[in-house]
Structures are given as structure tokens and as C-alpha cells.
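Order of writing sets the chain letters: A, B, C and D. Residues in each chain are counted from 1.
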Amino acid sequence: MKPVAPALQSLPPGVTRPADYEARARAILGDDAWAYFSAHAGDGQTVRANRAAWAALALQPRVLRGLRSIDTTTVLLGSSLPSPLLVAPMALQRLAHPDGEVAMAAAAAALGAGFILSSQASQPMESIAAAFLPDRHRGPLWFQLYLLPQRAATLELVRRAEAAGCEALVLTVDAAVRAARPLRLPPDVLPVNLPPTSAPGGTLQDLLALAPAWEDVAWLRSVTRLPVLLKGVLHPADAAEAVRQGVAGVIVSNHGGRVLDGAVATATALPAVVAAVERRIPVLVDGGVQGGTDVLKALALGAGGVLVGRPLLWGLAAAGAAGAAHVLRLLRDELELAMAQCGAGAIAQLDGSLLASGA
Amino acid sequence: MKPVAPALQSLPPGVTRPADYEARARAILGDDAWAYFSAHAGDGQTVRANRAAWAALALQPRVLRGLRSIDTTTVLLGSSLPSPLLVAPMALQRLAHPDGEVAMAAAAAALGAGFILSSQASQPMESIAAAFLPDRHRGPLWFQLYLLPQRAATLELVRRAEAAGCEALVLTVDAAVRAARPLRLPPDVLPVNLPPTSAPGGTLQDLLALAPAWEDVAWLRSVTRLPVLLKGVLHPADAAEAVRQGVAGVIVSNHGGRVLDGAVATATALPAVVAAVERRIPVLVDGGVQGGTDVLKALALGAGGVLVGRPLLWGLAAAGAAGAAHVLRLLRDELELAMAQCGAGAIAQLDGSLLASGA
Amino acid sequence: MKPVAPALQSLPPGVTRPADYEARARAILGDDAWAYFSAHAGDGQTVRANRAAWAALALQPRVLRGLRSIDTTTVLLGSSLPSPLLVAPMALQRLAHPDGEVAMAAAAAALGAGFILSSQASQPMESIAAAFLPDRHRGPLWFQLYLLPQRAATLELVRRAEAAGCEALVLTVDAAVRAARPLRLPPDVLPVNLPPTSAPGGTLQDLLALAPAWEDVAWLRSVTRLPVLLKGVLHPADAAEAVRQGVAGVIVSNHGGRVLDGAVATATALPAVVAAVERRIPVLVDGGVQGGTDVLKALALGAGGVLVGRPLLWGLAAAGAAGAAHVLRLLRDELELAMAQCGAGAIAQLDGSLLASGA
Amino acid sequence: MKPVAPALQSLPPGVTRPADYEARARAILGDDAWAYFSAHAGDGQTVRANRAAWAALALQPRVLRGLRSIDTTTVLLGSSLPSPLLVAPMALQRLAHPDGEVAMAAAAAALGAGFILSSQASQPMESIAAAFLPDRHRGPLWFQLYLLPQRAATLELVRRAEAAGCEALVLTVDAAVRAARPLRLPPDVLPVNLPPTSAPGGTLQDLLALAPAWEDVAWLRSVTRLPVLLKGVLHPADAAEAVRQGVAGVIVSNHGGRVLDGAVATATALPAVVAAVERRIPVLVDGGVQGGTDVLKALALGAGGVLVGRPLLWGLAAAGAAGAAHVLRLLRDELELAMAQCGAGAIAQLDGSLLASGA
């Protein structure tokens, strides 16, 4: 119930839902940037399954609870946050808009959402952090990374993230091994925070050599005081192992359907992962989240936070920081509205009893 | 098996089912009125789910029962009524047709259906009641209300409804908190029975302040001798609480999919609510009812009455009172026919054994 | 493996499956005749469900069984029949083709299928029987009837059927009460075997007065030595009652979706009915059967015979007796082929183990 | 991780998935050849079910397993093979491309896939074997056969296959009895390895006389030292019988939906067959496999090898040996990638725990 940010005043007319930005982004973006952001593995089965799985969950709201306000305060990793929403780590956001990650971070800060800074950001991480950290009501700033070929380089990246003010590390575990896709990107949009190494060899063996293992997780935890989360966990056995290994949290994700086509929808995978961690660490989720009721359903299934990806890129592409902020505001408003309609005044009141089993 | 009302003589040709009126209404109504009546929350998931859930229920009829007549007499709140059908409370019916609620009430009275008078009616409630009450074979006249900002104003509304002859109060519990929608309505179509208060503030907190709570239900029951029903109950726990609180009945409704997109279909929610109240109070239902077999299925699932909404508006829009009456007559005829085809001569003979589990 | 009848030599080119005749019939039939035959109740939910339910059953065939021949001999009501197929009773077949029921009966006789003579036939039943009975390899000749307003008239009809050589009576129990449909039929196509009574009153009560009851079944059984079957049974409780009442057989049917829209698909209803009669009387089935695998699936679910309706009308409309015979031959060939492919050399070898539960 | 074969250098542009070849093949093939290869029984229910059943299985991948390489080595019939993929036996491949089976065999050899030589090949089996056998990393060479009318002729075929170097016999058990289809094929594309017998009589009895039985399986096993597998097993009871009879393996297949429409999808049938053989013999599968994740899912369900059919024909049609090899390479690469993404470095690590039950 924060006042609307001034920057939101000149937005595309007729946008009332996050998904409305997709067509606008398609009209603005060049074919290459559109292809890059909307890409999916295989036939797109998992992209469609992600959406369908949220839609298949039906809500049975509670009434007459005498709510006087809606509080989206979320406790995550010991911190009290204004919102359960986080901006998913997405590479090369200057492809979407010249203002890139700095604009996205400013939007997230203004709306109280968390921001997961991609190690493939197209702007210096320090500039991005500077756009995010000053906001008083901001959410968490986390740094996403892949393992680099040399641990020294990885460590340098971690140190820079720590120095920039990042509050947790998110190790992506599901995407080191993926099909190469021909990319025709403008020469001036680059992952500027990564060392100017020659591209890794394209063989599967080359890719596997870069894929993280549990021992890398242990090493990463040993070199930083920041909490380490794993992004890309779908199997409950891996979630249980993450708890055993002392990981700070897991993010149920199939990389937005971009890596393994046929991977289970995240809304389908979430309950078993939540059950496997036995409330010892938070479980976050992303994939196909396009509206406030999707967020509410994720939280009702036990998610401790919800990452949003492409809808924010479409907002950024269509209207820069204001567009991304608008998407976050729409999501926040829809979430608050849906909580009120479900009789839940606080995030902790969202649980499985809100989901109709017979639907 | 009442004779056809004279007013039904000049109807649009080719209408044989209630749904046939929708296209006719679309052709007649202006864009704004059409948008107002056909609106739904979000992507319309719940609107579609309401229809699909009735269609997914399959009937296994009984044969050779030697029926000599079909009796739709329904006992509700201690009264014997000619029909299980009720006109759902719908706002501003003069947007559909200049004759508005008066015409709708006359149609309902002529066909023996109940009429739930919306507190947002566009004609004086006394005029509407006057069109309804004189009919000898009429159904019940109930008054629907939302809580008003001041209890005194709410009480005044209740007193007017009592004085006008309303026989029960229906407190809507699912719609105080909803997304604002820009409305461009003609200046002369207004909720004339409500106090000319300035519009409530548009913040969620403002809306929550107006949302009813269980203590408001208790207050409402304390100030009137009329039975009080709750409209908008989907969760069995709320239905059970309603019984504990002494409420006279509950109406399973998701507000026609207009409030919370993703809410469970009413046909899906109905059985658990029926089970939760353990036959102590009647459970009514609305949402997606477009034909006599939908009504029969609702009654077979344990509903004590069935509300019909948009199809009646389409009939009213297309042909005034005669159109609305035609829709009710088609529904009545279809229900009687379906009862006969299922071997049920009376409403009390409709139960779950008519529904095929394997379908 | 009967030789092809000579009459089949000049058939429409390109027809390889029964369903291929539908488009040809549509092109040939006038709008009124097409509307009459293809009519369905309500939205056509049950028509679609009939088809979908057969398609949803998956076969897991047996192999290497060393079959040397396929024998479709079926024992029904104590007789050994060349085929489990029967022509469903269909009214006014001269609307489809000038040769009408006589042609259809000749086709059925030539292909060894049974023929259920509709009491609403458009040709004298004696002529129809004369076209059917002489064939040496013919199936059974049954007579379908509705109760007439006077028992004397019904009895006269039964006596004529007996005299004409009919071997069983099929009492239709699901269609006395149905919605009136405006029919514009040519004046010379009439139910010539029925008494020239004035049409019954159109009220529901008038219709109910004509609907059969269990006492009518008992009366019918008392006045004839022919076995009496009931057509239109969907509920297992009615099937069990039929056994108790001494009925000779039941036909699981929803009248091709023409009577009660929302009625359960016959393939869905069949297993429970089969279970309810505990093998004491045969259970036949119709509705949506368009191919030999549909017939095989019905038999595997426990049906003792399978009625085919509309596909035969389309064949009759497109090519007279030869067209109807072609449809029956295609069905017979498809059934024999499917039996061979499933490793079943005889009808008795078809059972539920051929149906994949996981499909 | 074999280097790309030189022949793959000039391939149609824009092909990134096996299915991309289908449209290219359609554009190149004449109508008759296209109809021959894409034919299906009935309405194509089983063709569609095959695809849908693979797509309905959802993967829940494992992460962080520290894989250093992916090994697709598969043990089958006691041999260690470079790949679980085999080229399904397909007739008359010269209809697809003038280079025919020789090209297909060369492609299979180059990619380490097995090759099942159809007895209806359009080139001498010795030439085909000569194109396949010399490759050092090749997979198995098996010979597919139908029973011929005379055992002597069948035996001669077996002896030729043995002499040509075939390492197992695959007896097709599901296709002797099938609907005749009018074929207009070029006169120079013939099953050159079969004796120039007159076509068998077209009656069902003629066809049945040629259908194999268990005693034929025993006879075949008695006259050869080669292992004998059965292709076309869908029922678990037949799989169990195959074990009892001493058969070397079974191939779960519905003949690509070409024989019995309505047959269960192979992905649906596979688990029960795997359970029935209790790991005593290998179970292979084909039908609808179009991508590496389909292969992985089949292996996870317990398949010991996976046959690929039509996609290879489309590749052959579009670009000869290079096209077929490209399809196999795409499948191999997709399988290796999917294994890596699922955390499985070896085929033996693929099991049911990778499949999400809730999807």
C-alpha cells in the first residue's frame, strides 16, 4: 500500500495486467533480442507446462475474516522483506532496453521486490547495486553466478559481489550444460562483469567440466560469509541433499523452460521439494508466474519467495524502468487483492487449505 | 406446468435455449453495458471453469418409474416454493433494458422463480417488490446487500427491504475487495436505493474497511427478524462456521468469475460445502448455470436452490420482461424435462446416485 | 468371411471407412432430413461424449496365438448369430432413401447383422420382414416399440410384429419424454405401421402419461411369448431391476444423444451395467459406434451385441441398400481384422484384459 | 562425443531438431511415397497417442552430480554398444531416396546406432550389411523378418541373413494381419530379398495362415544360433510368455500406429511389459520417438534400447545418408545433453526416479 512511484506516470495505455506487456515488447524489440529472451528448449513443452500448472490450481478462498490490512512482509533468510517477489536473474538486460539492469534494479527497489543480479548482467554490478541499495523499503540484493573455469575468477566475482553489497549468492545449477543456440547480438551488449575469457569449447565434455558439483557448493560456502542458495532444483532428493550440505535455500526452477524441454512444471515440482526440506530452509520458485494469483498459489504451496522473469523484461522493453516497475506494481496489487479475497492478511496465513483438491 | 404467460408471445425467433439469447444481447447492448455485464476477473479462468465443471458431470438417468407428473416444488427456509430457481442479484439492470429490475421481477414472479433484489438496483426497491409480490405462485423475494460504511445506513436499507416485503437478507461476502474497473455508464442509471455517498477511497485499505466480518453477520442477524444468508462461500470451513453462527443458509458462488480469477468452479466446490453443513441449513449455488440439466446436476449434488444470472440479463436485454421470462420458462421446462428423463418426479428424488462417477 | 454381395459393386469411390459416408450423406440429403437424422439434444455434449469414450479406451492386443480363422458367431437370447452387429431401430428411413427400411433390412440380412425394426418405420413391417427373413445367414429380427396410448393398439402392434416373424420385442424406455422439435418432413413419409391417431398433447403431463413403467413391462411380457428387451438403460440399478423383473436383455443407450444432453457416454456406462446384471441376461450397447475397434471394445467390456445407427443411415442415403451393406461389411471386416490383430479368434475370447488400464 | 562425420557438411539449413525434417521430406517426396511412409490405421488415434504419451511424461532432473563425461554405452544381448538407438526396420527405403537402405545403414554405422534390416528392404541385404559392418564403432546389425508361406523360404532368408553378418533375428508379430491399402509404387522399388512369389490371397483367412504363432517362434529358434527377438509385443502376458519360451528380447511396438488403430501408446504399455519380464530379457520400444528426451524417458522406464523410424526416413528423403546421419546425430546429441541435464553420466543411471509422478 505504498504510494505509486512518480516514474509510473507515463505508461503505455491499456495495460492492466502484466501479460499485456508481452505484445508491446514484441512490437518494440528486434527479432534477435525477442528470440533471445523468448527462447525455449525443444518444442516448448515445459514453457507451456509452467503456465498450465499454475492455472490448474484452484483457490477456495476464506471469507468474513475481518481483515483491516494486507501485509506482504516476508521473512526470508532471517530478514523481514516488504514483498515475496524477486526479480529473477536475467542476462543482458540492455538487449531489452538501453537502461538495462540499472533500470530494472531501480524498479525493483521502488516496489520493495528483491533483485537477483545476474552474473551475465550487461552493466557493471556496482552501478546496478547503486541503483538498488539506497531505497529504504527495498528487498534483498542477491548475486547469481555460474562457476567460471578458474576458481580464482569465480572468487574474484564473489568478492566483487560482496563488496557491491550483495546479501546472498545464488548458484545456478541447472544450466551449465545446454544446447548452443546461434546468437546474433549487438557487439556492445556484453556480460561486462565476467572475465574476457575466450568462449569455452563447444563440446559436451567442455560444458560438463564447467558444471558445478556438490564439492563446488561446499567450496563456495567456504570462501564467503554470504548465504548460498541453489537455483534449478526440481528433484526432492536434491533438495534434501541441499539441506544436508548446509545450503541456505533452494529455488525450484526449470530455467523458464530454456534448458531441458520436458522438465516438470515448477508448480508441479514445488510441493515435493517443500516436503523434502521439512521447513529447514526456504524454497523459492519461478517459471510461468504472470499474475498475483500465481504468486499466491506458490506461497500457499509453501514457497518462501517467488521469482518473476520474462514479464519484467517485457515491461522493461516497453517502457524502461517505469514499465518494469509497473509490472511489479501490478503483481503486488494483484497479490494483495488476492490475499484479501482469500481472507489472508499476512503471508504466513497462506497455506494448502486455500487450494481446492477437487479442481 | 403453468400456462405460458401472455407476454411471451412476441419473442425473438429461433431461440430454443437460454444461451441463444447471448448473441442477441451482444447485438443490442452498447459496448459499455456489454462490457459491464460480461466482465470477468483476470483471464476468465473461473468463468470458463464454472461452465466446464457443470458439463463434466454426467447423468445416469433412471427409467420406468411410472411418473405421472413432475413437481418442482422446493422447500427453502421453511417455505414451499414453486421452483428451485432464483434470479441472482445483479446490479443496474436498466443498463440491459429500460424496464430494468421491475421487468425482471415481473418475469420471475410469472414463472414462480425467486428474486434476489440487488442493493445496487437501478429502480426503487419498492417498485420492484410491487412488481413481484402480487403473483400468487411467486417464489421468495430476498434482498441482497453489501455492508455500507455506516451501520446506520445499512440498517436503514434493511428496514426499507423489510418494509418492501423482502423475506430474507443475502449478505454478499466475496466482493467488497475487488479490482477497480473503469466504468463508462450512462449518468441516469444509478444504484438509486443506496445513500448518495461519495465513492469510497480506492485503496485496498479503504476497501477492506468495508468488507464484512463474522461480527457484522452477528450484528445483522441481531437487528432483523429476517433470515440472513451468506453469498460467496466456497470453502467448507466457512460453511461450517456459518452453521455455528446461526446463519440461515449459504450460497456457493464465485461471483460469476468477476472477483477472484482462479477461484474454484462452483460445481466443484459445492459437494464439500454440502458435506460441511450436514443438512442443517440450505446450500444454494450459482455460476455458469445455463440449462435445465445444470440445475438438475446442482440439485443432485445437494443444492437447495439455484441462482441464474447472466442468461437472464441477456433475455432482458433482447426482449425485456418477455425475454427474461422466456429464459426462466426454458430453464423450467428443461428442468422438468430432465427430471422426467431421469425418473425423478420431485426435487427430493434428485441425489448423487444420478451422477455417473466414471464420466 | 462371407463373399461380397453382388449389390456392393457400384459404391461411391474413395469410401474406406464407415465414417466416410457422413459427408456423402450430407451432400445428398435435404436440410430437413439431415437435421432430422443428425439432431441431438442440447449442446450435443452426449453425442461428443459417446465418440470420445470409445476413443479413450486403448487396446493391448495379444500376439502369436496361432489363429486359423476368425469367428464372429455370437450367442444371443439362446440363438447362434453370425455377427454381434445389429441395425439400431431408426424411424422413417425413407427420409434417407426411397428404398427405406426394406433396403436397410436387405443389407442387414446380406451381411448377417440383426435388424431392429422401428415401430416408426416408413414402410409396412411385413414388407420389411419379407426382405430380411429369407436370408439363410441372417441375424435376428427384433421389433422396437413405444407404448401407444391404448394398450389395445399396442397389443395389435405386437401381434402384427409376431405375425411378421419378429423374434423379440425391444421396448424403448428412454424417449417417451423429450423436447418437441419442429419437423418439416415430406407428407408421404409417415410411420405407416402406427394407428392414425391424432398427435398426443404436447404438455409434459401428456408425455408422461405415455411413458412406460415397470408395470407396463410386466404387462407386455404377459401378452407375448417373445422375449422383451429394454432399450435405454444407463443406470446399474435399473439393469439389476430388469433382471429381477425377468426381462430378457437390456440395451445400454442414450438414444444417440438425442434425448437427454449430459447423459453419460454409453462406453462409460456399460461396465457398471454389465457388472449389475451378473451375466444373467445379455447387455447390448449403442451410441457412437463408428468402427470395428469400437465394436471390439464394446464386446471386451462385456456387451453381448452392438447396435449401429447413424453410419448406416449415411450409407443408405448415399447408395441405398448397397451403401448400408457396405457400411456393415466395413464394420464386419474391421471387427474381424481387429479380432485377428488382438489374437481373439472368437467373440468369447474378448474380455477386459484386452483393454489397457493405463491408457 | 564422436567427431562429426564429414558427410554431414551439406545439410538443409535451419534444421535443428529431428522433426524439422518432416516438412522437408513432404516437399521432396511424391504423393505416393509420402502416403506409404506416413500411413496409419483408422483415424490415426494411435499415431497421436504415441506422441502424446511421451510428451505427458515429465522429468525431474538431478543436479550437482559432478559428471565429467556422458557415456551412452548400452549393454544389449551381452554386447556393449555405443548407443541405445537402433534404426527401426522399415520397408522399401529406396522410395525415400535412391540410395535406400545402403545409405541408411551407412548413417547408422557412422553414428554408432544399431540397424535392423527389414526383410522388405529394396536393396540386397548383403550390400546393406557391407555398408554397415566395417565401421569400428558400429552398433548391432539385426535382421527383421515376417514368416514366409514356406518354412524353406523363411529358412533360406535366415541363412542369408546369418551369412551377411546379422547378429540377431527380429520376428515381427503384430503385422501379418492388416488392412490392405492400395499402393501405387514405382515398379523398380521392390522387396528384392524376398522370393518372387505371387502375392498372398487377400482374404483374412489367407493372412491368418501366414501369421506367426508361438510354435513358429520355437521353430525359428531351433534353426538358428542367432538370438530371436519379438517385435510388436504390447501385452504384459505376452511378454511373460516370451520369457518362458526363451526369446532373447521383446520390442514394445504398435507398428507406428500403422496396424491396429486404438492400440495403446507404447510409452503407456512399456512399464507393464518391463515389469512382466522381471529383467530377464531386454525390452526395447519404438513409436513416436522424435527427440533425445523421448529416448531418455524410454530408458528411464526400463527400455534396453530405442528404435527410431519415420524421423530417419524424413532425413533420408531430404538429404540421403547425410540427412539420416544428421537425425541420428541430433538424437545422440539431445540424448547426451538430456542425460547431462538429468545428472546421469551413464545409461544405467536412468530410472523411474527421474520421472515426476505428479506431472
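Observations on the model:
Everything below uses one rule, namely that a residue touches a chain if its C-beta (ideal position, glycine included) is under 8 Å from a C-beta of that chain, and two chains touch if they have at least 3 such contacts.
Everything quoted here is computed from the prediction, not taken from an experiment.
Between chain B and chain D, the least number of touching-chain steps is 2. With angles rounded to a multiple of 5, the C-alpha fit of chain A against chain D returns 90 degrees of rotation. Of all residue numbers that take part in the contact between chain B and chain C, under half occur on both sides, making this a different-residue interface. Chain D has its Cα centroid 42 Å from the Cα centroid of chain C.
Chain A and chain C have CA centres that are 60 Å apart.
Across the assembly, chain D contributes no residue that touches 2 or more other chains. The touch graph of these protein chains is a ring, one cycle where each chain has exactly two neighbours. Taken together, the chain D residues at the contact with chain C in this complex read 42-43, 45, 49, 173-174, 177-179, 203-205, 207-209, 211-217, 230, 232-238, 241, 259-265, 268-269, 271-272.
Of all the residues in chain D, the ones that touch chain A in their complex are 1, 17, 19, 55, 57-70, 291, 293, 297, 333-334, 336-338, 340-342, 353, 356, 358-359.
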